[in-house]
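Chains here go by letter, A, B, C and D, matching the order in which they are written, and residues are numbered from 1 within each.
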């Protein structure tokens, strides 16, 4: 059985769904950030798979490279914010940080 | 191709199982290490797809950079004296239903689409030259922009995290 | 006097009150006598308006002055065409007469208020508000395009909001002002929609240009149906402002404002603006639209009249009577009697303003007692007030030799003739029935207030005639209620100068198939002559067919006799009930208790609006509650707790549902507001779930 | 490597280059002279002014759209009137942001971090400037991320305030997820079209539209990234929370500039990738009825925004919901999918810029005095601070859309566009919404003037510069309400020159 494009896409879709699930169900803010990383990885698999199967792998690598750099920048900022949350609220349970509402 | 097929399934299993562990494990540290496994699996996928350079970058940046950052995050935001670093979950039922629907629709429509696929796949080549040329020509603007973005991230993170 | 100076004088009248308002408002705090400035300004305006009235009616009877400047010139708009919006004023006979009415009553109210409002802590501000109100009202009178009418319309709404809620410390007053403001907005939405319809079709707001284009056969969406819809939508504005059924509920509540304000706003000017607007758009109203207007008018004439029969608050009686009389005017427009509608508008303005000012005088004398059951025998204590009010009551009841007789008789005859021509007799019957009730309740008020024994001796003893500043306006208005100002023949206004040469019915511009059958254009030589003479107004002047003139001629005598009969019958019944006490009123009321209560409680309109609304909202809330407990709860993890939500809702009901239609919008949107803000749980992860959910829902909607 | 071409195309990027240079200047100046924090705002403002000078010059010299392409044939940025118009709007708002920050007591309390503050602002401006011109999915994504990363930090810039911190956490999580979903959509779109360029993608879709369900799904995923920037329902959830928590200057900026950038990219995305089949139907090819999508979004956005605003006691939060409602009005204009609608949007944004900044400016000044944005604390303020009261009333009346203010003109254009496209129903809903909005705007005036103690002690002295800034915002609001030819011409010219198809 040959591995086709769809195989990769299905794995990436599942990875995306896991990521989304983790984001919305985990209370710990750091775990939420991990979920976001999963989503970005899923998108990267897509980029590479598509470009591989259309014989333009160089483009896919560039796109993936951009996304990886961005993920690093984003997680740095997000973690800094989480640390600040910890300093202010003495806990990082996202669901308890809901003073601003309605 | 059998090695290829085997490798695909192996990496897919690693990715999905460890990703599942990331989002369900009660222990934050386990989650973090499962995440590392996921990154490895994804890197394996990249290699399978002929993107050797990105596979290496994935390992260096994610495992070496982001994951370490995460672990620091975990350590800094939990009392070290606690033996078990656990975390709760909430809205599991509605989330499962909705995200289940979401991914169901997504996978169904992806598998029913006729993707444009090249008739004959080229064998992967050393791609560093190609990447470099794209970065310096077509996407030079984005490349420069990413420089600014990293600078902004640096300033921002420092501004918030410092005393 | 040439055109230019005429226009300049008109502009002076328009802007003087604005000037008065600005100066009085800004220096009011510094100088306690600042109100005198405003009073002086309005007197000057009145003087100029009399001069204009005289010049226009005597020397320029058939002329029409238009002055306009381009306000916004946007050239060609993509996909729209040329777009130029003009600012301008238009002066014809109707304008100057209305101008005079507004200025006169405004000035009289100013004089009256000097004494009436003495000692109020915001004395100067009150006069400033009167100034801005007068300015905005005059803006409507002068406007030559729909956009200006709309702008001044809103300004009138705003300034009446300020005046009704002038004593905003009183909760009832601030509630009433809010109610008035909001109910009016309901009508205004329709009006704005109508204006936009016109604008998209004709690319202009100017009346004359619109009329010409309609005459050339261009209709909105090229259909007569939409022409009718446009007319009805525009009329919606009049329904709100003139307190016509079913938006009449705000006017009685608006009596919370100071009484002179009631005289100015709720008798003569603002409420008349609706009728004035309908008169301005008269040429573009189709037969169906006119019939709709007539029906609304008849309902508004009849329902409040029955309510007025049993009310005990002197100002409430007058308020319902005002709605009823405005309904008369609207009905008159609906049956095609343009000139009589306007005539009644003028005569009614004088005597109804007089009645309000008279009631103000009574209230002033009785130390702010408004219940007529607490009065009685005041005839001797307040002679001037008594005789002037008697005069007004005769006029409103339609007794010969008064102005009211002339105009009312004309309307009844028109309705009668209309019935003969089209078969819709119901308007004539309603008219006579309302005339009977009007006579009855007005004289019930007079007898209970001024005759018989004093029912509250203490207050009676302290009553005293009002000062000259208050009685002089009363006398002025009483004199203006005599027939002699309008015609030489006290039994037929049609021959008088007002009807024969001053007010001319403009011709309909809609295609003939859409008009009433009798409103065809006669191709007589007079029309052609007029065309050669190139006097614009006469080109569109010929309205009614021969058979209509004939029918009017025949209807005149029976209508006059019948109306006289019902007026006398009404007065006689009131006399028997309340003077002779032939019938025990209490016993009678207990016998027909359901009817009596129905009337006393104002046909339960407020309650009806509340009840239908409650039923509707309850239904909606049940649906929402179901949604909440079965779907939302699952999604937002029980955060939108249903009990809290329902108790919030029921609290709101207790608080708001009491007051009927106004709160329709408030509560409905407020309620939804409470519902939708529950989604904002404060938990960011819940938000993300909802985003995912909405993505799926949107997907299913759009594939 | 074709360096010549690179330097030639810098000519088209003068505003962006200036901003980047000043980012470096501000940063190094702060490091070199840590004592001279006072100079930073002026330095930033200088950069913005120079940059807007170039933008205005670009606008005036514009004859026809000229996409910039780099060495190969794929253009990354469009150089057209739409982009330059939005660049001017963004730069103008940035100038106000600097002025506001200089006056805000909240920002003053963080004086030792001013260097970072202004660097982040410049970074955010750069992101927006790129975003409004971007014609490549990857570039769109990265520009959105650049502006988002800065705004996450800026929203939480008051580190000690719990509200501000909470706002930044919610913003970063929500924003990352929204842009993550968008990125996933982009990756699938790349698979469907083999390209990330908008123009090429349009061609490719015409030839091979693919599975319609997937196409709609992918479009919606990309829309979620843009929709979160313009806070359209159902992607709006972050808006009230973040607006309430963030420092007022940032809130004002987010509600105008960030929204403008989002709308620019939405217009470009919809008009480029999904060209209408024919001019009449305005239903685009390949099964996506954007008109219908936009109508739904618009109705939901304005209704929900207005209804929620009814019950808000915090003025910032109320203005947040009100800005959601305004986004709904703009979406309604966009739903016409024709040039008249776009013209209405451009006019609306100019006016919205003035009145929204005005309202936030007064709220900020009042906050400086009484340290609160709660509506109960506003009781009777109309007498204690007469100038602020009058100004706030003007801006709120304009936001309601009543004549004779500019807000009325903005709404009028939208309504005209709707009525001309035979979308009477949507116009009626927008009208009803205006009526609802009357309640909560008037409510503020009620608190200002009719409630609380009337016996004013002494009126507050207002500094000359505050009066000046308020008047700079208020006079056009009144002036354009009466005489709005200039704005209309300006926007009309831009719409005529629209580079997008």
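Criterion: a contact is a pair of C-beta atoms (placed from the backbone, for glycine too) under 8 Å apart; a residue touches a chain by one contact, two chains touch by 3 or more.
Since the structure is predicted, the reported quantities are computational estimates derived from the model, not experimental observations.
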With centres defined as CA means, the chain nearest the overall centre is D
Rounded to the nearest Å, the gap separating the Cα centres of subunit A and subunit D is 27
When centres are defined as mean Cα positions, the distance from subunit A to subunit C in whole Å is 64
Expressed in whole Å, how far the mean CA point of subunit A lies from that of subunit B is 6
The distance between the C-alpha centres of subunit B and subunit C, rounded to whole Å, is 70
In subunit A, the residues touching two or more other chains are 9, 16, 19-20, 23-25, 29, 32-33, 44, 49-50, 54, 66, 70, 73-74, 77, 80-82, 84, 94-95, 97, 99-102
Subunit D residues touching 2+ other chains are 138, 142, 145, 149, 152-153, 156, 159, 168-170, 173, 177, 181, 188, 191, 194, 213, 217, 240-241, 311
Among all residues of subunit C, those touching at least two other chains are 677, 680, 682, 684-686, 688-689, 692, 695, 699
Among line, ring, star, complete and other, the chain touch graph is complete
Residue positions on subunit B within touch of subunit D in the complex are 105-106, 108-110, 112-116, 133, 136-142, 145-146, 148-149, 151-153, 155-160
Per the touch rule above, subunit B residues touching subunit A in the complex are 1, 4-5, 8, 12, 15-16, 19-20, 22-23, 28, 31-32, 35, 38-39, 42, 45-46, 48-51, 53-54, 57-58, 61-62, 65-66, 69-70, 72-74, 76-77, 87-92, 95-96, 99-100, 102-103, 106-107, 110-111, 115-118, 121-122, 124, 127, 130-131, 133-135, 139, 142, 146, 149-150, 152-154, 156-158, 160-161
In their shared complex, subunit D is touched by residues of subunit A numbered 9, 16, 19-20, 23, 29, 32-33, 36, 39-40, 42-44, 46-47, 49-51, 54, 56, 63, 66-67, 70, 73-74, 77-78, 80-82, 84-85, 87-89, 94, 97, 99-102
Within their complex, subunit A touches subunit C through residues 20, 23-25, 32, 94-95, 97-102
Per the touch rule above, subunit D residues touching subunit A in the complex are 138, 142, 145, 149, 152-153, 156, 159-160, 162-163, 165-170, 172-173, 176-177, 180-181, 183-184, 186-188, 190-191, 194, 196, 240-241, 244-245, 311
